[in-house]
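Across the two complexes that follow, subunit A remains constant while its partner is subunit B and subsequently subunit C.
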Partner chain A sequence: MGPITNVQFEDYLERFNSDLIESLQLVQTSTQPWSEFRILSNYTKTLPRKYFLCSLKLIGDVDLSITFTVSYDEFYQVPVCNFRVNKYQGEQEQALTNLCEIDCNGHLVKLDSHPIFDTPWFSIHPCETLQVVDEFMGPETGVLEYLKCWFGLYGLPSVFPMLQTRYI
Partner chain B sequence: MQSIEVKESVWNGLVNVRIVFRSAGGPVQYLARVYRQSYFAVEFAALVEYFGRHDKAVATQPVWLEYESVPIKWNLPVGVLHDYLHLPVRTTSAVWTLTLRCDQYPRDHIIPFIYTTGSGTVDYARSLQETVVNLLKQSSFVLNGNAKVIMALGEADSNAWWHAIVAHNLYQYERVARIVMPSLKFQRVPVKVYVCGSTEVIQAPIYPTSASGAAVSLGAVLSEVLPSLFAQGTFARPYIQGLDMTAWVNNPDCGILDLWKAFKHLDNFLYITVLVASGLAEIDSRDKQSISGS
Partner chain C sequence: MATNLETAKPQKFTPLSSFVESSFFTKLSQLKLDEFKLDASKRTLNGFTIHPTKLNKFNDVPLINLDHESFSGTSQDNANVVLEGLIYNVNTIEEFKLIDKQALLREWGEATHASMFENTSLDYRKFNQFYVLSFSDLKKYKFYYWVAYPTFSSKWTATRQNTAKEEYIRLVESHIASEPYTQMLQLIEGELVSNISKKSSHFVFIDTCLSKDKIPGIQLKNYLFFLGHHGFQEVDVLVYRNDGSSFEVHLQVGEPITNNYKVTGWERTGQGKLGPKLADLGLLIDPTQLAEQAVELNLKLMKWRIAPELDLEIIKNQKVLLLGAGTLGSYVARALMGWGVRQITFVDNGRISYSNPVRQPLFSFNDCFSDNGQGQYKAIRAAEALKEIFPGVKARGVNLEVPMIGHSVTDETKDKSNFDTLSSLFDEHDAVFLLMDSRESRWLPTVLGNAKDKIVLNAALGFDSYLVMRHGNQTQKLGCYYCNDVVAPNDSLSDRTLDQMCTVTRPGGALIASSLAVELFVSILQHEDKQNAEHLSKSKFGEVPHQIRGFLNNFQQHKLFAPSYKYCSACSSQVTQKYQEDGWDFVKKCLNDTSYLEEICGLTKVQEEADLASEDLLKDLEIDDEDEEWLS
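Up next is the complex of A and B:
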């Protein structure tokens, strides 16, 4: 299929966001400590590039809030997911930015400059995204399917496997 | 545009800085001339050694610089920071005054330093080197369609390049740069645009020629990425390497690729800083006062 353009990304972003929020679910296993999750906020903005920001809270013994954005990296010509994580213990809130680097499912996730905000957010380095996602794409694949496939490989579920999407 | 004189002038461009640290015994200052084509993090080891004599915390905690309470991003070139932060409030003083801090690191605003040296002190150089390599991968991807040349760079060349950046040695830097950029035929030109007063960065990979084969001008780039400021008249002024580029906006003899070759930074990005109308009025007024007062 090749790279999607920023125009295609922006055209499909709201539809992708809506499908994503509808299909996002918490996978219940005996090892993960959260029983449910709530979407705290979710919006699309243009600054001047379009992106969406979603904030959700995993509820359990220790609550975890994850704020993530989906935007388009103009340089690597791929979507990118950046996120920040806060842990709550009682009234205490602690940003997990002091982790600085996490090894998740083979992805090295590091604090790096956000492609729009230019402040530190965790991100999976996008240098191989174009090639890897393309291997899963057929010649007739549409932009929405591309975004859904990308999100599974390089989005939230790749770092937080308890959060999965089950698209209908 | 590509004369050796221009290249050397850009390479040797300096910013005068006064760095103030408020120790328990009162403010202490450090004066320096820092290369525009360098990074403040290169200076941190020297700053820590100097200010550490006045306050031990400087040697044990990660330090950062602030300008008017704004934390300074150490991963951006000095010249870009100077244009972005200092131009809108430029005073008649030729010295840029910054504050060194080491208390509550502003992790939400600037990338933390994550490495320590064998002696337990903060390893500023390693974090900077890693960041610059990532930026080079990014710019290489834009220029060549992949980052293979950076990934394939041998350890000796990679170290030589890093030492050239730290020592600010143009000859050594150019030797490795020729390995990294063997061809002058590029797919796209890596450009980043900062608008003074805005916190966002605009990534702009630019095709150097139009469909007709004509060189893409600076004006065309700005009209595309900032249409509200540049598409219908001049409401803003672009600066590159501290120079007002207004006269070059629609110069048919100088395309964006020429500007990139002449003014790119060490990470191979061309940084454009845009000053909007309100800031311009202030600068023009100060410049007039300065001329009439001189």
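Up next is the complex of A and C:
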């Protein structure tokens, strides 16, 4: 179906966000230490570029929060996912920059300037996204399906496999 | 359908939570440093909450969001509702701890109270004010904060709960869709209004959360207090929710509301306790820590696909000694830093001159005349400059004259001390780069490098040519800088014109040679045999050639190999052995008299044998009488 435009991205962002958080699930495995997750905040903003931010808290042996944003990269013409991870110690939240201590695919990301906030966030780099997502697209695929497919491949689950989407 | 509550219950409310996105703290730290400084006066702040039409099942508590826009005026859009607040950022942690929280909340509550009672309007901005008490530790980038949302108690009890009527729901939805955001409205004769009057006791609260047990958001508490104060004894409140769970509750006030009100509102922690929160963002804001991580991460990207077996740790842990802090030294240091080398020591005895900065990237114009007009010492300034570029580097400058062969010892105390310092520096480092501007200054480091089995890299420049090589050792017999010489190095600086003494080279040659020297160094480190690697062998990272010679006149480059020379004046086993036996005494004799060195290494004998061979050859070529006749 080729790339989606920033207008299409913005038109579908809220719908995508609401479908996404409704379908987000924590996969229970014997190795991962979290038993449940809670959404701390979730909102869409336009500054003037539109993005959504979602923060979720993983509750278990060690509580973590993962805050991620989804925005549109005009150069690569694809959505991008950036995130930060905090570790809780009581009421103290400590930002992590080394993901080795979490069981995740931390090697896939690097700290980079956030496209909207201009501060260091982990970034799942958008190179090759366009081609890879396109492999899964048919001529009639809609924007919403495109965004859902993209998220599975280049969104949070690519780094945190314990978080998966189960769309209904 | 009405549900008569068995017993009248005090109305409960879902308390509010704050969500402070980390860019809020980044902005706060910038403002504190650049604008607020020591001014701890209270400042206006904007928060936002999600628009009631956008609430979903996860919005089980009312939320105030703060982000980087909160200081500059959050933009209102159809997804969010802006709330007004104040931040009180105190200057010390002691102040944060000791401040009377109850009195502060009372003060803030009075402000909200005054705002609420300005008139009879149900304007949500006046009922929703929030406050933040904070302390920003800008050394460690730790942020202590506590959010308060002042509320006023009035004893309302719920006696009845009904499902909301469809016609009212449609009315509310129509109002939400067409009118600016409101939170509380009065329903008078089928119309929704935001100025209260006694014409009706029917109200609509557009809920701020979708709590599962139908407990409305805390904001309703302030509206009820307001209504009670205005004489309402009984009200019906339709609590509107976008998920179809709207309900209507009949409330009665228990006791008259007076001006002697109680203020509550400090946010409780996740464990339900009263206390502040702490966000530690050191790793994400501290520029030094960010640089450390960024440098490492950038290198680690090589391991993703291109060179997965690249050993970055061995590079990072190398202690590298750079002899010479000039053009070559500057570029070598930068390339080493690019590779993540963290421990770099410069040795040089020169000061920065006006010709240096354009070719030597660690120096600038001011360095040429600072230090009382003399120019800074090169080694010292180069180390400082490295730290300015990347604070994570452990750079050190040693102002030291390397004893040079052919330059006699005139002040033994000084020369011996220089020798001892240099020798100790070799012991402290893993690798040494020879980057000086004269041939004879490389002799002693070559001897030391061989004797102490260090990785020795050598870069030298001609006018339009360059040489980069690694020295061998007693195991891997690769030639050193002096292995092709048939005489010991001597004083090349005396009786020379300026163009002969200075490094008159094509400027780009130094960059190329420096980069090649560092890349060769990295390749050696990646080889399992390190400096003992055979010159034709390979590691997964590639080749480890002995010498690279390049020519800029025709832009050619060659890899060469020359075995070590058994009579070499610097790396032959006789020299190494003599140095190990006599140390400084041997060095001193060599400095004073190069013929002594030639004697030790065997070059004298070679010269004698060459002379004899030459004589023999001439004898063989002598013309006898017979030949003379023939020739004539």
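Just so we're on the same page, the second predicted complex is superposed on the first by the 156 of 168 C-alpha atoms of A that agree within 3 Å, B and C clash if a C-alpha of one lies under 4 Å from a C-alpha of the other, contacts with A are read in each partner's own complex, and residues count from 1 in each chain.
One rule holds in what follows: a residue touches a chain if its C-beta (ideal position, glycine included) is under 8 Å from a C-beta of that chain, and two chains touch if they have at least 3 such contacts.
Source: prediction; values computed, not measured.
With subunit A as the common reference, the superposed partners subunit B and subunit C clash. Touch criterion met: A:C127 reaches subunit B, while subunit C stays clear of it. Between subunit B and subunit C, C contacts the larger number of subunit A residues.
Of the two partner chains, both subunit B and subunit C are touched by A:L47. When the shared chain is aligned, subunit B comes close enough to touch A:E74, but subunit C does not. When the two structures are aligned on the shared chain, A:F117 is found in touch with subunit B and with subunit C. The contact surfaces that subunit B and subunit C form on subunit A in the two complexes overlap at residues 47, 95, 97-98, 111, 117, 119-120. Residue ranges on subunit A touching subunit B, taken from their complex, read 47-49, 73-77, 95, 97-98, 100-101, 111-113, 115-120, 125, 127. Those residues of subunit A whose C-beta lies close enough to touch subunit C in the complex are 14, 18, 21-22, 38-47, 53, 55, 67, 84, 86, 90-98, 107, 110-111, 114, 117, 119-120. Those residues of subunit B that touch subunit A in the shared complex are 73, 75, 107-112, 114, 134, 137-139, 141-142, 147, 190, 199-205, 225-226. Listed in rising order, the residues of subunit C touching subunit A in the complex are 17, 19, 21-23, 26, 48, 50, 54, 56-59, 63, 65, 67-69, 75, 77, 79-80, 269-271, 275-285, 289-290, 293-294, 297-298, 300-301, 304.
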